[in-house]
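So that we are looking at the same thing, I have put the structure below in structure tokens.
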Amino acid sequence: MIGLSHYLILSGLLFAIGFVGVIRRRNLLMLFFATEIMLNSANIAFAAASYYYHDLTGQMFAFFIIAVAASEVAVGLGLLIVLYKKFGTLDLDDLASMKG
Amino acid sequence: MYEQIAFYLFSVLTIGLFLVTVLSKNILYAMTSLAAGMVLISGFFFMLGADFLGVVQLIVYVGAVMALYAFAMMFFDATRDIKEKTTNDALVFFLGGMVALMLVIIFAAPVFSENIQAMYPVVEGVGNAQAVGLVLFTKYLVPFEVAAVMLLVAMIAGIILAGKKMDHSLTTNDDKVISQEDTK
Amino acid sequence: MEKFVYIALFAPLVSSLFAALFGMSPKKTFVGVIASLLLATSFVASAILAAYVVQTGHGIHVTMMDWISAGDLAIPFGFVVDHVSVTMMVVVTLVSTVVHIYSIGYMDHDKSFNRFFSYLSAFVFSMLVLVMSDNFAGLFIGWEGVGVCSWLLIGFWYHKKDESPEVNPSISPSWAANEAFIVNRIADLAMLVGIFVLYWNTGSLQYDVVFAALPYLDESVLTLAAIALFIGAMGKSAQFPLHTWLTDAMEGPTPVSALIHAATMVTAGVFLVIRANPLYSMPEVSEVSFFIAALGTFVAFFAASMALVNRDLKRIIAYSTLSQLGYMFAAAGLGAYWIALFHLAAHAFFKALLFLGAGNVMHAMHDELDIFKMGGLKKVMRGTYLYMGIASIALAGIPPLAGFFSKDAIIETAFNEGTLFLWAMLVVTAGMTAFYSFRQVFLTFDGDERYKEFDIHPHEMYKFVLVAMSPLALLAIIAGFFQGAFQEFVTSSPLMPDYVMSEHTHHLAIYLGILVLIFAVGGIVLAWKKYGNGLKRDEKCENSFIYQLLKNQYYIPQFYAEFISKPYYLLSHIMWKSVDMKIIDASVDAIAYLFFKGGDQTRKMQTGNLSNYLNWMAVGLVLMLLVAAVTALIA
Amino acid sequence: MDNILSVLIFFPAVAGLLGFVVDKSSARVYGISVATVELLLAIWLWMSFDGTNAGMQFVELIPLVPDFGINYYVGVDGISLFIVIMAALMTLLGMIGMNIEKDVKNMIISLLFLEMTMIGVFVALDAIVFYLFWELSLVPMLYIIGAWGGPRRIYASIKFFLYTFTGSLIMLVGMLFIAYLYYSVSGVWSFSITDWYALVLPVNYQIWLFMAFFAGFAIKVPMFPFHTWLPYAHGQAPTIGSVILAAVLLKMGTYGFIRFSLPLFPDASVMMIPFMTVLAVIMIIYTAMVAYAQEDMKQVIAYSSVSHMGVIVLGTFAMNAEGISGSVFLMLSHGIVSGALFMLVGVIYDRRHTKEMSEFGGLAAVMPKYAVIFGIMLMASVGLPLTIGFVGEFLVLLGFYQVSPVATVLAGTTIIIGAMYMLRLFKRTFFGPITNEANRNLPDLNAREMTALVPLVIIVVWLGVYPKPVLAPIDTSVKALLNFMEEKAQTPEAKETIILSKQTKEAE
């Protein structure tokens, strides 16, 4: 029988994949992808919790997460475009302008 | 039984697809595999009885977000392989592995007991979409509206940011001119 | 009668404030005149009060208002005019009136004439508060008040510059003033402790309450209170080892020396012991009382020895004052309080006279004080010669002048108490006293006119000044005759135990008196032989060890300078530069520096590269998860 | 006027805000008028204060965050009343005596805000409100030192700010912990000090909390060894800054001990007497010695402040009405006297732009009025009877004698070594011949300076001769405080100490 733990472990694994992406990649677009993965892993966890506890709150959260993710993509992509126009690259190593 | 098969199948596929996303050098592959992974995740939602969420997932992610990414990619000349120095792989996999390990340990451990009380129990005999609607438009009305406004704002922001100086052709003007104009 | 109490007390204050109004303007003679008149008013009021006390036999006690009240402590401004205080009031106001008038002449050419009167009257006010107060705190007000006035007056010529001790032993008036103030403060601390002890054990500071409670107190408490109060008295009365300030205080104008450092303020210590006689008479503190007597005797001898060789006119008189204060303490310590008070009064008259005479000499000699540079002045200064002669005879203890009666009584007391060693010391000291007073008189007024070498043209003081001095001269002559009356008057007070010689002593009194007289006359004769016909320097004697030792005041000032003042300054400097700056402040700064350095080092983490930041974030996340997992597993 | 305290707090602040629109040339007049009105209000407060009532008066309570029991809660008792008046007085006189050309308007506004925070601290009865004003007071002071100070003003102001801020953060933790304890005992949140008074804490908690509050107060006082910010702050601050700093801001620390430490932690306070005594005695003697070695006039007075604050701290822990009343009175007298002394140093600094003693000498002849006022303040500073300085010092030493005679004698050396450094200062500056030609034609005090200084002289003498109008209300409140402590103390040792220390033999 598939239990809550299964889903949570799956969610954790997906989160770890997204996490690897975040720390490994230098391209901003790839970072966005990785972020999406992490968000989705969280959504799975919420939906699973919702299902196993018979409580809609988890779904509500997942729902709002999707809304936030959508906004993030909209704004984030806009920013990426501006950045690309300005610097011609999306590589983080070339964008380091805030050196302390 | 079907449920188990579906779960493991979907899991393996999702993990694989997302790994491709994360590790692929080609941005197009990455995006495609991401889109596929999203579809599979909506499958999980359906399995979990969150029909409405699954539909939203399909529409928003696979439909809207992926479309946005696809359009954005056109700006960035995405067909060629990305040349980037990746962070030291040993470190990455150590950290990633640790995170995975931790999460698995935490979630697998039986300490998180099951005594959580449902605040908004699923109403029996009511469809998921209907139930979601009931909660969403009563208890979560204000957050919902706020989310709506946020999306609107995000949309406008996206248009403004991306749409600035759309009349300039990126291919004819070189970067210097643009950056100079930006600083004006 | 109450109004006379207030008149006597506040007339000097009014005088002081009036003079202060003109403090910054040029000399105005009327300021001095009005101040003197107000002082005379105060004297008259005091005299009326004295007559009242004599007639009725009881004192007047007034409470003006509350001063400090906190917790259970309540200190009023209360004044008591009883047998003891009225004696002091009369002495103080009389001497100060004379000194005020004298100062009109003496300070004639000083541009700070008005200021001087302001200070002088303020001093008298403080002194009256001291003697009239009905509680220890009030006494302390006056105690500190006279200290400040003394500081102001010693440092009156503040504009003089500091010199090396070889040129001027007191370095400068301002230095001497500070020394006097600080040394007195040391004693004041002890006095405060005495006050605290009495308060916490008797619940009050009023004399009557405290004295009534004395029999119920422990021995340790009584001893502590007695010692502490006496240390306070030692400072004011310049007893060894706190005596150095008194000779340095001679930097002040001479009227100040006459009033403050001879007649009144320095006797405040004796007054305190007399005032607190119920405490010092307690059998539990007999050791303390005996110590007072012994120290007094020692100081009498010790100061007289230094006076033997000194060349400074005023310092000789200052040492003599010290010596006489020693006599007073000897009497008080032996329980003969009324004799101490009697000697105090008599001494005030002739010592003030002596100082004022010295002031005349100084005035004549243009502030020259070295008696080796004087001589033969009697031709030009007849009046002064007469006055100083009278005062010196009185001081030397030649009958029938005042000094004989009062001093002889003290010496007799020492004999009567069976303290023969003290008695012998006092007798010898009496001889020394006669020697140095007449050495000074002869060197100043007789013999060759050495001043001519220095191109000085001495002249006699103003007439009115000499007239003003006459009451003192008169009293120096006749005060002794009132010994019996005085005894009867003072000891009729319940607070003043009588002291009568035993039968045995009484029989021997005449022989004892003659013995003292022999010593005194011997001293005078010796002085005449040595100095009567002019100054003959004796190199060998002057270079001898003892002469040098005496001349350098037993090297005590040098000792204080080398082992107290300088090390204190050095230590202060170390405390500041090394401890405060290098240890405490530096450690605070080190902590700040640590943070600053830490920030500076970790700044390198801020590469500006987002990827790098993400890596750090990842590390943080792993750590947090680790913590979460571990705590969860432990729970 | 029931809300006189709110008026007192916020009138200067509102006036300060309005000050932004005042013309630059009339800013000074504006500031002085506002400060005068404020002082009159403060005196009105005194006149309508009931001196026989030991409790809080003119209390105002407006809930701010009811869920956490945070209220705007103010009131005065005998202990705080006079410090409030002194804050208003010193602000006014400081403004009158101020001789600043640069940015007068900003200075006036800073001072008015500072006045608000100072009064706020002393009337606050809610810990959060207290803390708020406590921290806010740092800001105008930081600005005053940093903008108008001497060459090392930035270092000095930052040191001042960070040092005191660190201490008060620890104090805040203590406050929050008390609030939490209160909540766990009573089930309601409250930050009001009067509620906290009712809280009986276990002794070990008391000690920790005492230490937490100690960190805040001791740095502010400043107690040895946390005093090193003070010489810098004074050395670099403009005259007006030093005046306010010495007169009022330092008193916050000792006031805190009386308002918080004693009644909240009576057992810990009693247990800490030896510790506090040692620190206070070191503070008195050590800083007096350091003062003696100084070459700069202002530094002498700065260090002497620390030394005198040591006496105040000592009196606070005497645990009898004599000592604590004396300590409160000494706060006032030290405020008046050190404020005046700093103003006096400012006078000479305005003329010669130096504070080095070696630059002067013989000033008494050139500036007699100045010398007279300086002399009076000097005598008040060394605690001459019939000046304001004596009353407090005498009471403190008297009170502490019951606790520890040895410590009292050691602390009493303040009257000796205090005289030493002050007389040394006076001698080197005012006595002797005029050695420096630059001093020969210095003008004496002008009308403005006299206006600022003469009232202080009058107060010094008046309260020295007749301290009763001030001492009586203080004493009433202090006695109530002690009775309260005695009842609240749990350990028999503490109870015994409190009872013993306020008893004379006679009363047994």
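Letters A, B, C and D name the chains as they come in the text, with residue numbers starting at 1 for each one.
Keep this in mind: a residue touches a chain if its C-beta (ideal position, glycine included) is under 8 Å from a C-beta of that chain, and two chains touch if they have at least 3 such contacts.
Computed from a predicted model, the values in this text were never measured in an experiment.
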Output the touching-based chain groups remaining when chain B is disregarded and all other chains stay put. one piece
What whole-number Å value describes the gap between the mean CA coordinates of chain C and chain D? 36
I'd like to verify one number: the distance from the centre of chain A to the centre of chain D, where each centre is the average of its C-alpha atoms, in whole angstrom. 57
Measuring centre to centre with CA averages, how many angstrom lie between chain B and chain C? 96
Any idea how many Å lie between the Cα centroids of chain B and chain D? 62
By residue number and range, which residues of chain C touch two or more other chains? 611, 615, 618, 621
Junction residues of chain B - those touching two or more other chains: 87, 91, 95, 99, 103, 106
Strictly by the criterion at the top, what is the full list of touching chain pairs? A-B, A-C, B-C, C-D
Which residues, counting only chain A, touch chain C once they are in their complex? 19, 22-23, 25-26, 31, 92-93, 95-100
Listed in rising order, the residues of chain C that touch chain A in the complex are 603-611, 614-615, 618, 621
The answer for chain B against chain A in the complex is residues 3-4, 7, 11, 14-15, 18-19, 21-22, 27, 30-31, 34, 37-38, 41, 44-45, 48-50, 52-53, 56-57, 60-61, 64-65, 68-69, 72-73, 75-76, 78, 82, 84-87, 89, 91-93, 95-97, 99-100, 103-104, 106-108, 114, 116, 118-122, 131-132, 135-136, 140, 143, 147, 150-151, 153-155, 157-162, 164-165, 170, 175, 178-179, 182
Considering only the defined contacts, which chain A positions touch chain B in the complex? 1-2, 4-21, 23-27, 29-30, 32-34, 36-37, 40, 43-44, 47-48, 50-51, 53-57, 59-60, 62-64, 66-75, 77-82, 84-88, 90-91, 93
Within the complex, which stretch of chain D touches chain C? 159, 162-163, 225, 227-229, 286, 289-290, 292-294, 320-322, 325-326, 329, 362, 364-365, 368-369, 372, 379, 382, 384-386, 390-391, 394-395, 397-399, 401-402, 405, 408-409, 412-413, 415-416, 419-420, 423-424, 427, 430-434, 465-468, 471-472, 474-475, 478-479, 502, 504-507
